[in-house]
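Notes follow the structure.
Naming follows writing order (A, B, C, D and E), and every chain is counted from residue 1.
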Amino acid sequence: MMQEMFAAQQIGFSLLTLVTFLPLAGAVLIWAIRDTGWAWRIGLGVAAADFLLSLPLFFMFTLDSAAMQFVEHYSWIPSLGISYHVGVDGISMLFVVLTTMLGLLIVVYSQGVITGRVRGYLMALFALQTTMLGVFVSLDLVLFFLFWELMLIPSYFMIRLWGGEGREYASIKYVLYTLLGSVLMLVGIVILYLQHYRFASIHHLSPALSFDLMDLLRTPMALDVQMLVFVFLFFGFAFKTPIVPFHTWMPDVLLAGPIAMSVILAGIKLGTFGFVRFSLPLAPDASRAALPVMMVLGLIGILYGAYIALMQADFRKLLAYSSISHLGYVALGIFALTYQGIQGGLIQMINLGITTAGLFFFAGFLWNRRQTLTIAEFGGLAKGMPLLATFFLIIIFSSIGLPGTNGFIGEFLILFGAFKAHWVYGASGVLGVILGAAYLLWFYERAIFGKVTKPANENLRDLSPRELAIALPLVALIFWIGVYPSPFLHRINGSVDALYMRLNRTATMAAGLQTEAAGAVVPPATTGYEEPR
Amino acid sequence: MTLDQHLLSIILFAPFAGAIILIFVSGERLTLVRTIAAVSSFISFAASVYLLYAFDYGRGGFQFLEQYEWSKDLGISFFLGVDGVSVPLVLASSLLLFAGIFVSWHIEDRAREFYIFLLILASATIGVYVSLDLFFLYFFYEMSVLPMYPLLGVWGSHTKGYLEMKDTAKRDSLAFIFNFASNSKEYAAMKLTLFLSAGAVVALLGILLTYVGTGLHTFNLIELQGHEQQFTPFLRSAIWLLLFFGFASIAPLWPMHSWSPVGHAAAPAAVSMLHAGVLMKLGHFSIIRVGYWLFPQTTKEWAGLIAILCVFSIIYGGLVAFFQRDTKYVIGYSSSSHMGYIFLGMAALNMISMTGAVLYMFAHALATGMLFAMAGFVYDQTHTRDIPSLGGLGRKMPFIMGAFVIGLMASVGLPGTVNFIGELMVLAGSWEPYPVQTVIAVVGIAITLAYLMRMFMGLFLGEMDPKWAHVHDASPIIDRLPLLIMIFGSLYFGLFPTQFIHVISSGVQPILEQIHSAGAVAAARGGG
Amino acid sequence: MITLTHYLVVSTILFALGLLGVLIRRNFIIVLMSVEMMLNAANLNLVAFSYYLHSLTGQIVALFVIAIAAGEAAVGLAIIVVIFRGKIATNVDQINLLKW
Amino acid sequence: MSVVFFYYFAAVTIISGVLTITFRSPVHCGVALVTLLLHIAGFFILLNAEFIAAVQVIVYAGAILVLYLFVIMLLNLKTEERVFHRRYAVVSLLMLGIVGQVAVLVLRSPYAGVPGTATPELVLAVGQTRAIGITMFSDYLLPFELIGLYLLAAIIGAIVLAKTPGMQERKAQLETVPAGASPDGNAAAVEPAGVTARGDEGGRGHR
Amino acid sequence: MEFTLSVSAADLLLMLPEFLLTGLACLVLVLDFSFPKISKATLAWITAAGLSGILVSLVWMFASGLQGALFKGMFVLDAFAVFFKIIVVFSTLIVLLASLDYIKRIYLFRGEYYVMIMLAALGMLFMASANDLLSMFITIEFSTFGFYVLVAYLREDDLRSSEAGLKFFVLSVFTAAIMVFGISLIYGETGTIIFPELAASHPVLTGGLVIGFLCVLVGLGFKIGAVPFHNWIPDIYQGAPTPITAYLSIAPKAAAIAIVLRIFFSTFAEFKPEWVWLLIGMAALSMTYGNIVAIAQKDIKRLLAYSGIAQMGNLLIGLAAGTKMGGDSVLFYLVTYLVANLGAFAVVIIFSNLTGSDQIDDYSGLSRRSPLLAAAMMVFLLSLAGVPPLAGFIGKIYVFTAAMHEGLIALVIIGLINIVISMYYYLVVVKKMYIGQPTDHRPIPLSVPMKAVVYATVIGTVALGVYPKPFIEWAVASTSLFSHLIGP
């Protein structure tokens, strides 16, 4: 996890920077162009180019390696120890590719849907894409925070300007909740920074001031400091994820925001990514200590989300609560702190990026046809739209975690990991699977099967080529991961391995460091700090 | 290097010279008047940009010194010099002045007088930042307060509460001092002037006590330094508190803030910009320059007080801002809330937080300058600042809307703006001594976002009242230039703050060394 | 034997009477007369001191005081005449264009 | 002998002083004052100051008091119903207390000033008037000159104030006042004298 | 008992300004009598020219460092006296120029107007040099005498004027009587009336001396117009012809300050611990009373009157310091007060010449009618309030610093609070001028002399604030006779 492979050696040019900022450049380009038609064309081109550019990340990734790859590192604000440091490892690489792919799909989807303020929409979308990519590739905490926070602006506009009913409330709620979490996260970052500074200045390490993840990972921390860090980072990620007590914005936003925003929010798991990327490695002991709490929160999320979803009459609300439930799974997996759990959590995040996003796309398809998503309004759609019904079913199966689909792999690994942590967690988790199957299948049964009860549903178009172009890749991926997951697993294994090692080894390592330092230089961390100069 | 020798004089006196020239120009010739104002402020601006890069932060200390005997009998000399703390503030002042000239370009009623007052206001503000003589520091300090009176009174506007007030007898009664929401512009101006003058004389008492107490018969800040031990502990605490509360009233710190939102609301846009941007920082700056610099040990003893009060500032200002209907009230309270961060940074007494505090002063100047400029622009177009009666203006003024987003980002302290860097440093520095306050301050950021978003939505989104059909976007050059300058400054220094950080820390370092060594010396004395 | 104190007692009483007259009388002319009384008290003092201190200064001062009193009486009465011409009043209370 | 005179003078002086401030009629007051002034002159003689005594009689009693009476007659002042300020009664009592204090202080003072050289014997040897004259024109020349100028001013002042304008000046007044009031020739804004009582509202806070 | 006149002709050079002024006054008087056709403006210009000449002679006297004493030390000429003489003559000159328009209202005795002004000035010139109780008394009465006439100069035209004259007269005579009584007591206690001899006799503080001293203080306090001897000020200011009000607000106060300084700082310097409390009390009361009552005023002249009371209170702070520096500060403060106050009154004169009104409400919108006048008035008022970069600020700081050196912190605090209070009512006028809307839109024309006065005082006010060094040095040099006083 500490090694780095520089992009210069691996691929020869600054690939990550290019991938990250290409959408932003596209946004600027679109701003400069007044014509809507051209804006679509350019938007599509940029999204496609970005996706294509990100593919080398996947294919040229060094397998089973814990190292950071495609790393670029430039000094930025040396006086504060802030640098431009980007790179991907097994944890983040798949997210980058997923993001660019979803970005492309969203552009494809939107072209048929969005009619007002097209340029603004595309600009917001691309800006959002850049910030999300930035979050995934940043290895400097300030850089990470920069992207994390800037994400709010385009998100806000996406929801506020292109959302549906209740968007005013939803947009402001989303922004406020997220910001509240992230400013608290900033405190955590600051604590890390100060901790590193203290450690580095005592041991005369260079650089003394650093927000660099690599440097921070080298800094040993006492348990109570770790707890502080963990708690503050937790707020940031938990609000974003969202983990259950902090979830209330999610249904509002998913309901009121545009489909594209729902796809992004539900599909790209920034919050849980943050846990894996930062919380676990930076505060391993604290993570272990927090395991029961987090597991219980995860379980509550699973069951609560599933239970509420079961009662929803609106498909998007259903999806929103199912998302919460799924995120509970991911949390369950990650915080089991077992190898399989983390692995499963990661792969499940990718899976959700495909399936939940797919579900939302389909919700969008339905919405475009009927302008409603109330389940009772549908029924017997399979008759008129066999293609839609089929693809929909596949995605729903994936979401339920039927074997052969990607969902199975993820859920299996998660539950396996949870069982390893404690059988109670695993057993409770399984309950969620059943509930999940129940609400999705019940929905499918009500909406797609059965008789056509509403005349409005009689003459609906089946999937258009554009919609097929969205559905097909998703379904392909579902089966690919479900049937042959090893390319994906090989890409994440190295990092997961390293993380797992760190989580378990640091127990001894930190203990050793403390005993080593206790007599010598490092004062007990409980006494606070010196003046940083 | 004659330019360097007189650089500060140029920065200080260019606007002032502009004002004097304007006195002799006919008020009828509007273009000429505006041009003179713009040119003189541009000279100052350009020179202060040069100052930033010419400042040798490796050497630190006070630079670009200029000293002229002024009155030997009183021990006063006209002594100019800047250190790292003043450089950014000088830049902010001249930048906001330059921007303010353009923001107020459309003023036609007695424009000449307006510019004269504005230029005097700005040059006096700069004067505080560059004075190394305690007398002149106060001289310019007080001088900067007074132009606010006519600027608010003549070119300002009544607050909404005032216009809605039916009871005319109550309107202009002396009770205006205790009336915080509905003041006419005259009384807003009066209140502001009186409060600030009251603060100033409190500080003046502290200054005089210092002057007399050292017995050096000089107001020279450099010579006065290091004589703290001549005072009894009670006396120096008293002096410090006088200085602190005197200067903090302009900042404005929480219990002394009531003049500020009213003043902001009544002021024309350019004045609000300067007021919130740089005038309020006079308080922090003077506390650092006088209180911290002359009384390091006392500062250490009382820093906790600042940390407590600033939290009230942050939270109170934020919450009140949330419930305002008037755009300028929102920004005004937000400013007074944000001043709390600077105080927090100052209270922590370490390198990173102090540097952050000073950087934040600069950052806030730009951010709030932008917001006020835009609030002023909207007001000029619609003649109302009432948020509920506005809405949907985004379609009519996309540029302003875009700029507002950036101003909002900056004000909240989102990364990429220089505010973020300042905020980050303040938090980093203050976490260790004041963890609770830091967390509360961080929550304050979220509150900031809440009320600014609310205002943003109220102004630019939603349904547009048909009566605003006539409004138009910012004109290409005159209206956009000031905003673009501020946006550029905010983003540029947000992405490349290194120069600033070096410069500021070179100025902060000696002050902190004094503070920490003073404690050590006192401890050693106490022990010995 | 008449001592200095005797004279001082008389002059102090005179002075007090004059003071009282100024304060309680309403008629300007009588107020002026009271002032003359006070001046005479001072003069008496001066001459008495002059006698007991063996110095002529007191007498000289007294002379000048008389001269001053003469001049003042002239102009004061002139003003009163002016007032009287404009408005029939010589009373303090009746002169109230300006708040007294 | 001198003791008798002293007590006579003292008694008459004080009694006439009291009468001066208590008589209702200004004329009676004037007469009482004259009595007082003449008896003061008596004191002066007791104190070997004949010249001052003479001046006191001539200037004070003779000139000043006549002037007073003259004005009183000229203006035909009547006796008034209410002679005293009511509102000053309390003040006066207070003042009397203070004056009493002052008197005690004054009377208990030693008055041990540096004695001069002009003992009564010496003065009498030279002649009182001559001694005064020499002192006045040598040591006190400056005040003397000043008094001269002062009296010049008094003459001019009295004329300026008291002289009634002749026909010519009245004409001049009619011509100049409007023009004078507004030098630019605009409409005259000078209000008639009697009406300009607006200052009254401005007098708040006084006393 | 020999007749000896110990004054040589050469010594009389010390009295040059007084001689010149006497001559000038007589000349104007004679011209006015002899040539009835002579234009009154010509007389005014002759007077102005003469006064300028006297000013030059005074400056020469200062520059040449001429000093000496005449008439057994009853008349002294030193830098201190010259300082006050310059102030007196300068303010006389300004007042004269400012009267040129105003005097057209007066139809009678225009020529005598100048003569009376000059005679009053003459009294004040002597006051500045007076060095004994008798000269002091005579010169005070002399100068006051001129003012009785001047205050009542409008006679029947404006009964307020004659009424003010009468009030001034009665009160003034009353205090004069008290002062004479005090002089007699001091004489009785010490056997002398000449200041240096008084100081040399090292008197003990007996009851008689205390009462005598207090009585003299009543007379001087009356001239200065400090609380509790302030009663006359508002009425007389309001009633008097405005140029005379301006004159009254400066010159006699300055001259009285000269005497006060001589008495307190030289003659009775030994009793500083005792009299300092008197001054502290007077200073605090004057400032507070003046400022608070001024708030309620609606007439600009009354406002300036109360502000003048407060200003004198400020000035007394410097006196209360009782040091050389205190003296310097008093002198400097006086200069700053002089320019600002004269300027303010000049504006009032100009305004009332046109409108006949002194109501503050009528100043509404002045900045639209005459930007110059409004700006100048603002400068003057702000200077009086003590705002940098104007003269008043430096003056106040100077005074406070001097008091601070003596540890009079409480007094300084009161002074500082009063700055804030005073700012309010000064700003109210500024508000009217700048914010209010005019009821009458006619522009206000300015005659050349008035313009000169306004410009001169504005420039003076600003220059004193921006570059007071020469004036401070002048003040410091002028008070060298107090260098025996302990303190910085």
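Operating definition for what follows: a residue touches a chain if its C-beta (ideal position, glycine included) is under 8 Å from a C-beta of that chain, and two chains touch if they have at least 3 such contacts.
Since the model is a prediction, treat every value here as computed from it, not as a measurement.
Chains that touch both subunit A and subunit E are the following: B. Traced through touching neighbours, the fewest hops from subunit C to subunit D number 1. With centres computed from CA atoms alone, B is the chain lying nearest the middle of all the protein shown. A count of C-beta contacts for the chain pairs D-E and A-B puts D-E on top. Between subunit B and subunit D the centroid-to-centroid distance comes to 64 Å (mean Cα coordinates, whole Å). Subunit A and subunit B have Cα centroids separated by 41 Å.
Here the CA centre of subunit C is 26 Å from the CA centre of subunit E. For the pair subunit A and subunit C, the distance between mean C-alpha positions equals 103 Å. Among the residues of subunit D, those touching two or more other chains are numbered 102, 106, 111, 113-116, 118, 131, 139-140, 143, 147, 150, 153-154, 157, 161, 193, 196-197, 199, 203, 206-207. Among the residues of subunit B, none is found touching two or more other chains. The residues of subunit C that reach two or more other chains are 4, 15, 18-19, 32, 43, 48-49, 53, 55, 57, 60, 64, 68, 71-72, 75, 79-80, 82, 85-86, 97-99, listed in rising order. If you check each pair of chains against the touch rule, the ones that pass are A-B, B-E, C-D, C-E, D-E. Residue ranges of subunit E in contact with subunit C, taken from their complex: 133-134, 137-138, 141, 145, 148-149, 152, 155-156, 159-160, 162-167, 169-170, 173-174, 176-178, 180-181, 183-185, 187-188, 191-193, 234-235, 238-239.
Across the complex, subunit A is touched by residues 349-352, 405, 409, 412, 414-416, 420-421, 424-425, 427-429, 431-432, 438-439, 442-443, 445-446, 449-450, 453-454, 457, 461-462, 496-498, 501-502, 505, 512, 516 of subunit B. Those residues of subunit E whose C-beta lies close enough to touch subunit B in the complex are 325, 328, 367-368, 371, 375, 378, 382, 387-389, 393, 397-398, 400-401, 404-405, 409, 412-413, 416-417, 419-420, 423-424, 427-428, 430-431, 434-435, 467-469, 472-473, 476, 488.
Taken together, the subunit A residues at the contact with subunit B in this complex read 77-80, 142, 145-147, 149-150, 152-153, 156, 160-161, 168, 172, 175-176, 179-180, 183-184, 186-187, 190-191, 193-194, 528-529, 531-533.
Interface residues of subunit C, counted against subunit D in their complex, comprise 1-2, 4-10, 12-21, 23-27, 29-30, 32-34, 36-37, 40, 43-44, 47-57, 59-60, 62-64, 66-75, 77-82, 84-86, 90-93, 96-99.
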